[in-house]
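As structure tokens, here come the structures.
In the two complexes below, chain A is the common chain; its partner is chain B in one and chain C in the other.
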Partner chain A sequence: MPFSSQIIINSMVTGSIYVLIAIGLTMIYKVLKFANFMHAELVTFGAYMAYIINVSLGMDLVYGLIIAFLLTGILGIITDRLVFKKLRSKGSDVISMMIASIGIGLLVRQIIQESWGPQLRWYEFQDTTYDFLGGSITGLQIFILISSTLLIFLLHFLFMKTRTGKAMRAISDNPQLAMACGIDTENILLWVWFIGGGLAGIAGVFRGADTRLVPLLGWEILLPAFAVVILGGIGSFYGAIIAAYVLGFSENIGVAVLSELSISTGYRPAIAFIILILVLILRPSGIMGTKEET
Partner chain B sequence: MILRVKDIKKSFGGLIALDGVSLDIKKNTIVGLIGPNGSGKTTLINVISGFIQPESGSIEFKGMDISSMKPHQIARLGICRTFQLTRVFRHMTVLECMLLASKTHDTGILKLFLNPGEVSKKQNADIERARNILEALDIGHLGNEYASSLSGGQQKLLSFGMVQMTQPGFVLFDEPVAGINPTLANKIFEKIELEKKSTTFLVIEHNIDILMNFCDEIYVMNKGKITAFGTPQEIQCNKSVIDVYLGG
Partner chain C sequence: MFQDYILDTLIYIGIYGILAISLNLEAGYTRLMNFGKVAFFAIGAYASALLSIAGAPFLAGLVVGILLSAMFGFLVALPALRLRADYLAIVTLSFGEILRLFFLNEQWLTNGPMGLRGIPQPLFSVLDNNYLVFYTVMVFVFLIICYAFSEKIMNSPFGITLKAIRDDEDAVFAFGEDTFRFKVKVFIIGSAMAGISGALFAHYIAFISPDMFFPSLTFSVWTMMVIGGSANNLGVIAGAFLIQFLERGTRFIKDFADLGIEPSNLRIIIIGILLILFILYKPEGIIKERKRIL
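Entry: the complex of A and B
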């Protein structure tokens, strides 16, 4: 039953987590023009920050979520100021930026692994399961779906209605003209890192709560996140939103099909790879990207 | 003087782009800047607008030293610039481009929540001003179109509209009518002349007829230096200028 209500629920939850990661990746790509591999570790960092609040300090996971958003956003800003800003001022190309992001990512992951070890960990929270259209949905999953949707609308409001959001779009469109219009690009970049990083932190907490915590948490979903960004059309905010849910459904339907065919569901990660390759061959500009953006 | 440029030097590797350039520009005038390709005109505009830092020399705007300021800081002082190749925000609508250029269009996140009434009032006033400017430029009907869908000439007009929207005290125009038909070019300069009451213009332009008709003074550059200065009539009679630029 590829289209059972359970698959729809699982797909929406998966898509909601991918969308939060992909939006941050897209934001950073749009203004700085490089693929930020460190984004995976921002996801993991957020998940472990919430672990400190929730398990080590014994507080509610909601507080962990808020702290994870703030601290991951701040980590994004710190890495920009310490590394990427310096590279920008030296006129480094996007390849140098990308390699630097891989390096910082490795550093963050190793610090997390040294601090908490490689073993699996879980948050401590009460969850309730509800029947929903013949399937089941947990309280956590409802929370993930609602809060992701709210965040998408908030971001839409930010980009379309606020001067900060419009300035982000302006910088990604034409940074020199933006400066000539009086926009302080470095100040706007701080917001991009804070919001993009913060969303990755939230995604990390959601993923950790929905599955488990492990130092490779972010790395495991970096590939699907990149697949979402490419499928949506590199740099397209709305394309990434659609693509996140498309990939969420593809993965979950794919897993159901694999089960029906008695093939191991361990091939699940391959679905993102297959979609990535197909998109690159058939429509490299993605769902909403233009040729100019690819 | 509204703008004083003193002894600016700038080189790129072994190439000397600006070799001790000095300008004095009076308020509410249109000043032309001419010279052969590669003479340093665009570099000078880049230096004045903060996009390139000079190696030595100073730039004073209304008596304030701006030579080490960043582009956005200079823009906020009221110095607006355009680019040789027309630049607009291609993924924004024409109206959005205009609003972003407005200094009064402050829809900060906090203000939106704390004082939505004031923000909405200002925004409506800005939208009306933007529409009036677009109407005057004959592109009023394109307000909701994406800037990328406009023709080259329409993008030039939008770029000019964005300049007007900033209500600048000083405008640096880098070939504002290059590639535009003569009728439209004259129309743009007629508008620039009207704006002269409140704004000062430094204009790089290769169209000599337009410069002679609309400029109050002209500077001539060659090989990174100012080689002549005067009224259009004086420049037209200057033998060295004729040799270097006007081609006899």
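Entry: the complex of A and C
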């Protein structure tokens, strides 16, 4: 049964996690013009920071979530200050930035692997399963759905109503013009990294709680995250939201179809890849992107 | 024993040297971001290994490996090369991961995670005592062929056009050159060369499994190119030498001192740091590109 209520629940949860990752990825992509491959490791980093709080220190996972948001946001800022800002001031091209992002990603992931080992780990929290229209949903999943929706509204408010948010949009639309208008680009970039990184950290905790912790946690969902960003149109906040749920549904329906056809469900990541290739062939600017991007 | 160790090291330097030259053609000279180099290496390895196990001679396996790698290079390049540089990076990286899933899941063909054992080694029965010497010579013959070929095409009008595309694609396009065709061609050549390297690797170690083809291999080849010197073939071979030295060094230290860190983690951490430092402070690498003045 490829389209059951269980699939809808799973797709919404997957989509909610992808949204949180894709928003930061697409913001950085738009403003700094490069594909940030270390974004995956921000997701993993957040998940393990919450692990320290939740398991090593024995506190509630909610505290872990908050700490993960803060620390991952700060890690985003640190990498920008130590590496990407220097590359910008040297006038390095986007290719150098992508290679540097790979370097940072390898570094972060391998330090995590060294610290916690390659084995699977789990958070400690109580969870209840509820029946919902013939499917089942956990308390955690309800929490993920509600909090990511709240975060989306919060970000919408930030982008539309606050000075910082407006400045972010101005910088991503036209950096030179924004600077000429007296916007402190470097200062706004700090916010982009902090929010983008922080959201990735939250996504990592959600993913880790919904599945398990492993040093490849973020890397496993980097490809769907890029597929979301490109399908949504690079830099498009609303495009990313729609695309994240499209990906969530495609993956979960796709997996159901794969098992119907008795093909290994290990091909799950290939679904994102097929979507990515189709978008590049049919509409490289994405759902809500502009033509100049390609 | 010591002699064997040296020869083994040389064989790996040769195999990675070929891979680094092939990446250099695409990324160093033409600025094509191939983040999935490992895929074409793996195609060469699996194709050649499977044919040899089925009874085909070594050279037949090698040729089919090269052709298949080239064909997939063409197919992957097609949707991505017309678009922005960063799309190619995302598409190739994803392709490598999907291919690894294919090798992992299609047990009937690849024996899945257990890998392929007993890959025949060419002329093994004839040479048994001097086998390592023979293999070293063979790998270096291929390395020299690839080096000479790469130097030749880069000094030909074709290669000069590629470098011009790297430096200013719009200008080359304005002169009426079909830049897309040039990029596709060099990508096919690079993929074919990676196929050679993969076949040599498979027949040397006589056992391959999907976990040998992680993206970290791609990035270790990138590191060879970046630290050795992009767009300099001798430079990238020097880079292959240094990274191989580093890899052996980290394993070697383990026998003498307790660093309190897993050597495989340490190696990737060092690779990450090297990538960041070279991109920041010495982007031209150890041996600079020789700029020809016409």
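The working rule: the second predicted complex is superposed on the first by the 293 of 294 C-alpha atoms of A that agree within 3 Å, B and C clash if a C-alpha of one lies under 4 Å from a C-alpha of the other, contacts with A are read in each partner's own complex, and residues count from 1 in each chain.
Keep this in mind: a residue touches a chain if its C-beta (ideal position, glycine included) is under 8 Å from a C-beta of that chain, and two chains touch if they have at least 3 such contacts.
These numbers come from a predicted model, not from an experiment.
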Check your understanding: If you stack the two complexes on chain A, which partner ends up touching A:S136: first (chain B), second (chain C), both, or neither?
Key -> neither
Practice item. Counting touched residues of chain A, say whether chain B or chain C comes out ahead. Key: C
Exercise for review: Have a look at where A:T149 lands relative to chain B and chain C in the superposition and call it first, second, both or neither.
Suggested key: neither
Exercise for review: Return first, second, both or neither, reflecting whether A:S56 touches chain B, chain C, both chains, or no partner chain.
Suggested key: neither
Check your understanding: Regarding the shared-chain residue A:S259, is it in contact with chain B (first), chain C (second), both, or neither?
Key -> neither
**Study point:** Overlap of chain C and chain B interfaces on chain A (superposed complexes)
**Key:** none
Review point. Across the complex, what residues on chain A touch chain B?
Key: 158, 161-164, 166-167, 169-170, 172-174, 176-185, 292
Practice item. Show which residues of chain A lie in contact with chain C when the two form their complex. Key: 34-35, 37, 83, 86-87, 92, 94-96, 98-100, 102-107, 110-111, 113-114, 223, 226, 230, 264, 266-267, 269-270, 272-273, 276-277, 280-281, 284, 293-294
Study note, to complete from the structure: The answer for chain C against chain A in the complex is residues 31, 33, 35, 79-80, 83-87, 89-91, 93-95, 97-98, 101, 104-105, 216, 219, 222, 226, 261-262, 265-266, 268-269, 271-276, 279-280, 283
Exercise for review: Over in the complex, which chain B residues touch chain A? Could you list them?
Suggested key: 49, 51, 70-72, 75-76, 80-83, 87-92, 96, 99-101, 103, 105-109, 112, 162, 166
